Amino acid sequence: MENLIALLVAAPLLGAVVLLCGGRRLDRIGHLLGTVLAAASFVIGAVLFVDMLGKGAEERTFTQHLFSWVPVEGFQADVGFQLDQLSMTFVLLISGVGTLIHIYSIGYMEHDERRRRFFGYLNLFVAAMLLLVIADNYLLLYVGWEGVGLASYLLIGFWQHKPSAATAAKKAFLVNRVGDMGLSIAIMLMFTTFGTFAFGSVLPSATDASEGKLTAIGLMLLLAACGKSAQVPLQSWLGDAMEGPTPVSALIHAATMVTAGVYLIVRSGVIFNAAPDAQTAVTVVGAVTLLFGAIVGCAKDDIKKALAGSTMSQIGYMILAAGLGPIGYVFAIMHLVTHGFFKAGLFLGAGSVMHGMNDEVDMRKYGALRKYMPITFATFGLGYLAIIGFPGLSGFFSKDKIIEAAFAKGGTEGWILGGVALLGAAITAFYMTRVMLMTFFGEKRWENDADGNQPHPHESPRSMTIPMIVLAFGSVFAGGIFGVGDRFLKWLEPVTGHAEGDSPVSAMTVTAATMVVLVIGVGIAWAVYGRRPVPAVAPRGSLLTRAARRDLLQDDFNHVVLVRGGEHLTRSLVYVDHTLVDGVVNGTAASVGGLSGRLRKLQNGYARTYAVSMFGGAAIIIAATLLMRAV
Amino acid sequence: MTGLAAAATTTSTGEALQFWVLGTVAVIGALSTVLMRRAVHSALCLAGTMIILAVFYLANGAYFLGIVQIVVYTGAIMMLFLFVVMLVGVTAADSLQETIKGQRWLAVACGLGFGVLLIAGIGNASLTHFNGLGQANAAGNVQGLATLIFTKYVFAFEITGALLITAAVGAMVLTHRERTERAATQREMSEARTRSSHLPPLPAPGVYARHNAVDVAGLLPDGTPSELTVMQTLRQRGQIRDVSSEALADLKALEQRSEDRLGRGHDSSPREEEEAAK
Amino acid sequence: MSFPLLTATAALPAVGAIATAAVPAARRTAAKWLALLVSLGTLVLGAIQLVRFEPGGARYQLTESHAWIADFGVRYELGVDGIGVALIALTALLMPFVILAGWHDADPLETHNSRWRPTQGFFALILAVEAMVILSFEATDVFLFYILFEAMLIPMYFLIGGFGDRAHAGGDEAAATQRSYAAVKFLLYNLVGGLIMLAAVIGLYVVAGTFSLSEIAAARANGSLDMATNTERLLFLGFFFAFAVKAPLWPLHTWLPNAMGEATAPVAVLITAVVDKVGTFAMLRFCLQLFPEASKWATPVILVLALISIVYGALLAVGQRDIKRLIAYASISHFGFIILGIFAMTTQGQSGATLYMVNHGISTAALMLVAGFLISRRGSRLISDYGGVQKVAPVLAGTFLIGGLATLSLPGLAPFVSEFLVLVGVFSAYPVVGIIATVGIVLAALYVLVLYQRTMTGPVKESVRGMPDLKVRELAVVVPLIALLVFLGVYPKPLTEIINPAVQHTMSDVQKHDPKPQVEAVK
Amino acid sequence: MNPVNYLYLASLLFTIGAAGVLIRRNAIVVFMCVELMLNACNLAFVAFSRMHGNLDGQIIAFFTMVVAAAEVVVGLAIIVSLFRARHSASVDDASLMKL
């Protein structure tokens, strides 16, 4: 049974290779092939899951060693897989949501002539993401880590003819590379500290290492997580990544890839547990991003960018939870899974709306769509309720637990983190209500597109609505299934460990507070966007709004400091290379040339002159010989 | 074989006398070779020096070389030189004026330095012990050389043979002129002649001239000298003597003198001015 | 006596070069096929070497030794260790692709007269370079190596100066001027390095009394050869300078962008993927083995220079406007990594560096040759003349992207393995250096993606409209290279197994050991 | 008299010949001076032969003569063809050995 693990990756990888190398012949069946292979992965995952359930908690770790990858003396990197409860959770999420989005894409990309290639990239992504979560060592994880980065790059830039898409793709890859730098340094640190980087060796012996080393490793892992999960300060790529096709945003930039950072931190929990400073850094990053994303999400008029801000913010919750240590690991993962459902559903809903509105993304040009797209409205609405934490839906269970855990951190820290988490919940309620109201309620503010076509909103084809319905089910019930009876906690505890914090406030109080802020958030949003008509042109807004529209000036900072600064740096270096470094070389050559120009005049062409120098030379040699003999 | 004994260990008074007298002559001959303005004189001086050297060879017990020096070197090689000198122009005298700046200074300085160094080197070396050639020449000098040449140096000897052949071929190649086009037939030559401006026979040397030497160009009817009348070799050497102005100069000198005598110093006729301008 | 495999591997292309040069003017195509067949034959011989080489056996294998210049103790001594055999395999492997890629690069123009035979010359020169490079990887006699090290400049000079891109922004006149400038610069720069090395070679002979690597090593081992510290340092610097020019290391790099920019793409590949490797190879084989103490003495400075190379090369690559010069600067950055790995003096660093040499050869060849195909279509090397190629020639764009991804060391492709090994090796010995070097991987992503974005994406430019996609010949060049990149990225073990023992020997030469991990981790 | 004097004479003649090569412009005279130098060498060889008591020196002198003969043949041929081409036997006229 354990030998099936490799097939999890192999199936979609095969799909990617066949679809990308197969050429036009596969255009007609490419999308089906891709979907089938993604589904195969899910089936294998489910089989393994069932098998795993049948075993005791201690025997639930499956391993498979394929071959020795890079053996160089002490450096032994293997290609081997480890499938435990944590990985299993991810495998099911990735292959499950992945398959749904494959199905959705069949309809969404129907009119794109490069659909085959799109499915190839999607398969590549699924393969890399699965590799990431089932790798049994950090280096192989790194392969998957960069692999998803590549797939993300290819998919964001899928519509390459748009310069904005190409730029966004490049930006995503570059920012991720900065994070990857962290991961590679972390691996190097592990190698020098432990002599290995396999989970099975590093994690059990982590506590033997000095705290300084562990803090360094932890911070580097955090840097990696920031890059991949779009956390401050490496969050700037996520908003731009919305240039990609919407299924991509749903799968990669909402449900799976961006949560890889959370996986990394939870997986390395032992290291963080022993390095409190690193943990604090994680919580700070999570808390800051939580607010940052939420504020950005409030100001965006582009529906996908608003959702992207929301993603950032929700992952901030997860990172915050992961930073809390054993109190929060399980809830981080639980929120990750529920978020995977409802955020994917929301994005697919957004895609469905865009599909019906001539690819218009500005919410100010939507309005009153609930009558035209009932299924989309329903599924989007359920996702909305889930994300704001409406009692009984999945977001309620997972987010509530995180807020509780934040308070349970204890001390001033606990109060601050808990407060931030509560505030975040309020803002979440606000911006999601805003999205909901601007899109589905109010009156029509539709406009013709650039080609003058009038929008004809209609419900999407079945291949698109079915995945949305399935995800909506997940959004509604996942939390209940996981949360009731602490099923999810028991499932994951053997891997991540769990501890109950000593919360200064009771669980009931937290839940009540959450409900209060939720109502406040929804209320404000309704007051602003529900009671009066939404202007079709965005008002100037307050200073904060304007800053938030520009990602809180982060992009301006990047542009001025990194882009412009980098341009100046490279330009001046090119100049230096040309004039200074090469100048020395050419100068030497020129001076030698000048000198020989002078010396050349000695060559007057008269043989007799040359004879004199020969004769003189002979005389000098004789003199030298005599002198040598004399000495 | 009396000379042999004398050359063996010591130098006789006779040899010393011979050395000092002939050596002086040899040095003078060498200097003359360098300093004579005419190549033919240089060649003759060199030949003299070489003969003296042949005598020295004999005195040093190198009988074979002495003879070879006279027969081959002086007899054959110097004659070859003389031939070429003839070809190039036996009467041509070189200017000894130096044209390259500093060349003479440097040459003299280098020569002096070189000579001084050589002589100092020889003086420095301990060359007191003389073995003499008595033993080596015991079976005869020619036989001794032959033994060496055909045993120890046989390869070198063979190679010099090849060298000589190569040299002979090389000389032929260098001096031989390949005819690059078909030889003109008599008809073509006559046609060319007809088209040229020299239909009548070419002037003979000395026609209308005041000299009958071969290197003096004949005068054309209008009084200008025609170089065509001089043989090609002289033309190429640039050895055409121009005597056209000599007569005028003579005439002018004559007139000058008569004028001086008649006391008409500064009053000259238009005709004279015209001639002076020429 | 057994079959002289090493001599044969070098002799085959040498003979092939002469034969190709002798092909009559009218039989151009025959010359091409001949060159291709010879290079394939060499590849077979290289593969036999790889198979016959026993990783666990003696340090130098398949050795041959004949007296050559007896008076100076110069011998014709050949032998390969794991590093050499890997690089020979790389050289033999790349040549057929170089020849195939340059199939039409040297066709005579209409204006040339019929006796002009550039095609024969081009392929003969390529084979001559191959012969000399292979022999230099095999030479275990310092003098023999020196001669080859210098001699390979001659065919390279003619390849750079004689054959350029068909179209040039400044017209034929400017193209010829710049080409000859580049060729002369290449030649002079390397000759200066070689001259200094010659002095050091003679110095070594004076000190050691022999040119034989094995004899010197033996003399060092039994203590009969004890160099004075200063002597050793001077000799080391003499050797290192020549290799640093060839490699090239900052600030001796400026000849490379000119040479690679002006040469045709196959020749540029020859420069950076094959000839320059001789420099880094020689650092590993000669500098470390002959002068271990001096190498350790110079390490800090060399590490700093290598770091500068990495960052500086990458930054300059970002600032380039010319595709080929960009790749050249990228190569400078990569050579910085290789030198860093060599002088980290850890097993991982040196194994990684050797692997890097092989992988860089393949990845640069892939990227450069595709760039060459691109340039040959449009006749311009300027990045700004392209845009949206992806739309009209997707296969070309795809292969270009894969070449670029290999250049930026994407995991799963071969260069990643080597780059990571180098980084780990450096980091375990010099953590700060390792961290700074890691910045290089971000910059690598920057220049590759900027290049890809500007040429391949965006709206289709008028000038690239109707550009044909890769043809069969071009695919035959690119696809095997990419397959190899993937294979070596996933399963580099066959190579590392050959390289590791050789690196162990080098490590024992310099008497260094890998630092021990602080914690004994459970297994 | 000491036979070393022959060596002094030889070096004197050699130096004179060398000076002649440097000073004279007429190719034929230059060539003659070269011959003078060769003869001076021969004299030295003969004297050495006597000094060492074997005939090797004479052999060398003999070979020198042979080579000189060959040299003269070729050299004069060159002078003649040079003269034909340039109508001059001056060595300074053939000053094309410069850029």
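Letters A, B, C and D mark the chains as written, and numbering starts fresh at 1 in each.
Just so it is clear, a residue touches a chain if its C-beta (ideal position, glycine included) is under 8 Å from a C-beta of that chain, and two chains touch if they have at least 3 such contacts.
Note that the coordinates shown come from a computational prediction; the quantities given were computed from them, not determined experimentally.
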Please state whether B-D or A-C has more C-beta contact pairs across its interface. B-D
Please tell me the distance, in whole Å, between the geometric centres of chain C and chain D computed from their C-alpha atoms. 56
Whole-Å gap separating chain B and chain D, where each centre is the average of the chain's CA atoms: 14
For chain A paired with chain C, centre-to-centre distance based on mean C-alpha positions, whole Å: 36
For chain A versus chain D, what separation do you get between their C-alpha means, in angstrom? 91
Chain B, residues touching no fewer than two other chains: 100, 103, 106-107, 110-111, 114, 118
For chain D, residue numbers touching 2 or more other chains are 18, 22-23, 25, 92
Note: chain C residues in touch with at least two other chains are none
Would you please name all pairs of chains that touch? A-B, A-C, A-D, B-D
Taking the complex as given, what residues does chain B use to touch chain A? 100, 103, 106-107, 110-111, 113-114, 117-118, 120-121, 124
Using the touch definition from the top, list the residues of chain A that touch chain C in their complex. 20, 67-75, 79, 139, 142-143, 145-147, 150, 153, 157, 160-163, 165-167, 169-170, 173-174, 177-178, 180-181, 184-185, 187-189, 191-196, 200-202, 204-205, 208-210, 213, 566, 569-571, 573-574, 577, 581-582, 584-585, 589
Show me the residue ranges of chain A that touch chain B in the complex, using the header's touch definition. 604, 606, 608-609, 612, 615-616, 618-619, 622-623, 626, 629
Mind pulling up the chain B residues that touch chain D in the complex? 7, 11, 15-16, 19, 23, 26-27, 30-31, 33-34, 39, 42-43, 46, 49-50, 53, 56-57, 60-62, 64-65, 68-69, 72-73, 76-77, 80-81, 84-85, 87-88, 94, 96, 98-100, 103-104, 106-108, 110-112, 114-115, 118-119, 122, 127-137, 141, 144-145, 148-149, 153, 156-157, 160, 163-164, 166-168, 170-172, 174-175, 177, 236-238
Quick check: in the complex, which residue numbers of chain A touch chain D? 600, 603-608, 610-612, 615
